[in-house]
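The letters A, B, C, D, E, F, G and H name the chains in turn, as written, and every chain counts its residues from 1.
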């Protein structure tokens, strides 16, 4: 530990939440997964719901989320996190249940489960990390990869005629009557992180109302998969992903 | 040299451990030898440690996975701890000097510490440390001819990095020199 | 439209009813205290889901028609992991789609009940009864080394009873249990004595993900272990469990004492063979039936013991020859093992089987003369 | 101006530099040393930290603890967890 | 990031290269005239899809990253049914998801090549090499009675060669063929002599759905036959085909003539056993290796013949004991059959195997003394 | 054959197209599947593309479509018709390829394939028969069943909290950039049938342009599953389904 | 009557073939007998033919599927062609008269043509034709007591159709009468 | 008014009555007879058919062939297929 100024007489204004385990995270330097994990755990800590929360980890870089998140967790098969979360929530309707998935997991192999979970309006929070690539398996094209993006399976850039178009799955789920709250956030600046935190807070507050699914897309980075430094990656994300995946709310509950 | 030579090369990911092995295998194949290169392919994510087993043989290779080695080229401390005891008596442990805090204590093997990182800095390219180690290794265990190593390098390096070939050649040579210098003081 | 047997009120009393196999199974599940069912329609077992949806309002269980078998099995994973007594059911093609999920559950040790009311395959096949999924059920249709405890009912009564056994064993071994039935068992009606409700106790599941209180570490259910050493450990643990499961082996032997011939058959086929055995008796051939009730664990020893009296074994299945491999392994070369199968939804008739018996008996005569 | 400081867990810092970019005070910089995972870690390079917690908010590895001189009314968005 | 072996230009000449198993397989596929590949990334075989996407512009084949393994296998069905030389590849969990589709293809007789570069299971498991999907591959992980022709490479050379064999056999028998490799074979580099392009002829596929000209009836590819009589007919036809496929059985026997002990092992494990056999020889124990190259058809007869000389059989696998059941069936009680396995991504070492050999040899000594 | 008036001197103005086989259809009396089959085959006949057309049948009541449609056909696994069609079209890009699916097939188990096929803009025609029920398996709830609808798995009516909402999958695919032409039609009147025919014609004309997927939903009936006479069923459909699934074009190619 | 009686009931779907079988099975069960009812469950779609095998026995029933029958109740021509030869010598073939163009030619069985449709029309409810057949059958083969049949009917009919019970009872009686009348002229 | 007529394949007609509902002329009605599949089939009950083909368009079983007196310009939407 290192600190230039002395901390005597100072008070802690930010520290690791107890809901985050001590295990150092395996993510690459600068990877957005870590930030989202932390913010999620901060909210659970601050809301005091650690003992009533069950999370579902996906297959993807965040497959080990359960090593870091200090809540009961299940690790789902690739793409099925929302089905697993459905199973949990249906038998434990009073618990807080969330799923956490990448773009390959949620928007490729898991498309059917994603659409139907939201369409049923399962009273869960779905967190969707869109980094426009398959991080874990070594940087292959994701459904959300942008046109022209070079990945290990689009070495000459994604072309719509060969590989289809970037899939805006969040826009699709927004259409579904089961969606209660849908928002798209990011974690590349302190301000963005604060907004994401509010969105997660709101989602957990909505959950006991049983009004439907809360769905949060986080437009994120993959420095390794994109072959960039974290700073470059965030800049690339702002420049190339934000126009396609604009940050902001897509559906907010009607005041009543 | 007996008919098969079994090598372990181990270090952190990104240190060029795997390509070192590939270069040896490729050069040996060009010389008509049988070769196998077996990486420990890591978890489905970045980082961590990396190693590969390279076998060069006059005869057909059966198991590409072996648990004792004729030579070990070691680039970090965890790898040394993992593999030092698996080198056959009389074998070679070559290691990057600055990366190893506790050198091997065995006395029944040849130990060759090479300050590859330091030397690479001198060449203004940390990335060629592995070539320095390779040069040193081939000086002690001349499994393949230097010209074939250069050819292999050309094949293994992506085209866009071909301008680095001379630097790599220099590094190989520097490694050879170091090994020669050390030979005099090396302890069995 | 086929008529449906009358619905009964689950009760704390045992009751005798005339029911379809599918409905008896569903009613038994309700009485067993099942807490959740996730499934997707497919003939010949859609009555199970239909029965649950009709009964749900009267009881306290979850029933959800999933968007697919894939979703269903993963909902089962979630609910089972959360500690619920949970089941799903399907028929052959749908069960194939569940193989990844079943492998996951075996590895993460999620107790649950899976019901396969088999139909003729391969492919879309036919909806007629078959036993073509024996290999899939007993050797593991999914990837990796795992086993399911497999129960093979042969009557509507067993369709009901094995639900209780299935849930009990699933909890006991923390493992998915499979009931391997067939379309005929699902569709036929017989008398069934329904077990009383509440007779199957619930056990503590301290490993379940129900929310981490301050008093314990978090619970994690996973099948991922990147270090092969750790993954091997998990496998060793599973294999130990499967060895322990051998004690659950069940079978019945019916017919001649000291038989000259033994028929091995399971499920509905076994009952058809009984009829054939009666016919054979009239012709003076002493045949016994060995009916494996658990297909895994398989009654190898029981079969092996019969090699001392019987001169031949005949395996009868509604498939191209699957269980017969296990029978051969049990007999281990000591006696000839014959096979008679019908495929693609065809049911062997007692006469089919009798013919085989006679042929084998004749062969034996010529050999011994 | 409120005074603050940060404590960086150098063992888990991965030197991603995102905190450096996020600091409005330019208080942070990369060290020349590497930690045991091989990463150059971050350190305070100027003593002008205000405890705004921006750095902590963007840190993917939760490597930063932030301190601040007590104010009458704290306005940080993070919950105050008693240091036990 | 691991280095990747250099890409080679497919050519009409045979070429010698140093390549990863996955890449050699992909390059061989291109040279075999493969017309379409559909797949989904999964370690340890993503290089196959990556190789194809990199090479596609230079050649005339279709490569498509599907949204899932489920979609991939059904695209294979479509393309194969349209007459194309088509393949997919995946690793264990992904192959489980393909079981329904594979059963459909077997039934509708769609020729295609499926590659399983196995990893440790069950469940998500590990990405390290394993042979835990032997049962799934050889007994049918999907539903119904069907078999795949299963080839088990043991070297990078065979990873390449078996693509040619696979496509040839798939066409010959109108059946899906499976290459059962493992992660180590996919990731390791060896010398490979790449077969020349164009050396694998194309055959007529009059049954393919390419558009119905006036000159013929429409072509229908289906696995549905509602009448069980018809479905049984289909099954009989399939079983006939599987019987004919027995002639394709391949294996090799290496090591001592008139061995006292025979090791049966496939794939990479076989090569490890060869090393162990060398070590055993130094200790005066005469051991031979029988390596099944086709896992289905399985070399039962070849193994049975060896019972005349060997006093014991040892099966070594990277699983909890799967092929050993087939070895037992082949030996049929004539000799003891032992098993040594490592699981969950662990690779047995030659020393592991040697220990088994010595233990068996000792046991034999005590018995015979 | 029976006819009140003599047909002497008259000419045929409507007859069975040669692209429809002689096999009597197995559908229940009044079932819309038969009409759609016929219209589809009329178009193929009139366009003279029988020899260049490959169809894909689903699993559902129309599983036997290949018995009636006199073109080369493949029978796909439940839900995978569009993946199978993708496989065919990719290797036979110059042929006309269509898939034919029910609501369970296309919008439940096949949701992932449906979304991704259209998102890739596969140059095929997807025909989607929405009869708000699983006809083949005996009248279970479909994803498109309307709220309150009694089916064999919603014996007390579909409830959104238990069973989710009717899924307007056609609205979803309309959003996808790969969709070139999306329309919703029906077959309950002669006028409706004429419009459907136009839509199918247009789709086949678009196919060689390689501009993306044509998607035709046909809101149809299931007298047996709904337990109504065909006439009642069509009336119920108009009253209950049309408000939710309004007939008309959802996306038409831009003129250029 | 011997210990087990094996019956096939066959016709078009919708003729009440399956419920006829159920009623027999249910009534017999109520009398403490062993019973099994095995439908040929049709293709995954409407229409087509339907049949069921009912076994009533004093002992435990092994195979619920048999290929020869003590009795056959036949409601259409295709079913007659399919099953006529599977009736045991001395057995009973009871059939709906107007639905059968070519009556069975066997002489070693009892043949009982019942004009059930016609009679049902007279009762103003075509749907009770099956009850008329059942009544006739039970007159010839009194497997279960009439009062138990009525009880079974009550159990098998959905509540909302219970107002039809008297009509069904009437139909059963009518069937019995017809059988009695025919008994005199029936040919073995 | 143009004269037409229809030929109904009574063997495949399922008596769904959709054609009856679709006929603007009320020309069609159900027969009292049943066909070999057990269905009451449709027949012309009035000789006022105009050959508008509406009935054929809605018939799910393609059981109806429609004839019309020749006109200068046929306007039916169905292609004229020569009756071979």
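The working rule: contacts are C-beta pairs under 8 Å (C-beta built on N, C-alpha and C of every residue); 3 or more make two chains touch, one makes a residue touch a chain.
Small disclaimer: the values here were computed from a predicted structure and weren't measured.
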item: Number of steps on the shortest touching-chain route linking chain D and chain F; value: 2
item: Least hop count linking chain C to chain E through chains in contact; value: 1
item: Chain whose average C-alpha position is farthest from chain A's own; value: G
item: Centre-of-Cα separation between chain H and chain D, whole angstrom; value: 83
item: Where chain E and chain F are represented by their mean Cα positions, the distance between them in whole Å; value: 40
item: Centre distance in Å when chain B and chain H are each reduced to the mean of their C-alpha atoms; value: 86
item: Chain centre separation in whole Å, for chain C relative to chain B (CA means); value: 56
item: Residues of chain C engaged with two or more neighbouring chains; value: 1, 43, 64, 67-68, 70, 93, 100, 104, 108, 124, 127, 222-224, 226
item: Junction residues of chain F - those touching two or more other chains; value: 27-28, 63, 75, 77, 108-109, 111-112, 116, 136-138, 143, 163
item: Multi-chain contact residues (two or more partners), chain B; value: 43-44, 46
item: For the chain E and chain F complex, residues of the former touching the latter; value: 35-36, 38, 62, 64, 66-68, 70-72, 74-84, 86, 100-101, 104, 108, 209-214, 218-224
item: Sites on chain F touched by chain A in the complex; value: 108-112, 115-116, 119-121, 143, 160-161, 163-165, 167-168, 171-172, 175-178, 210
item: Chain C partner contacts - residues on chain E that touch it in the complex; value: 70, 92-93, 95-97, 99-100, 103-108, 118, 120-128, 130, 132-133, 135-136, 139-146, 222-236, 238-239, 319-322, 325, 328-329, 331-334, 342-346
item: Partner chain E, residues of chain A touching it in the complex; value: 59, 63, 75, 77-79, 104, 108-109, 111, 134, 137-138, 140-141, 143, 152-156, 162-163
item: Chain A-facing residues of chain E, complex; value: 1, 40-43, 46, 49-50, 53-54, 57, 64-65, 67-70, 93, 124
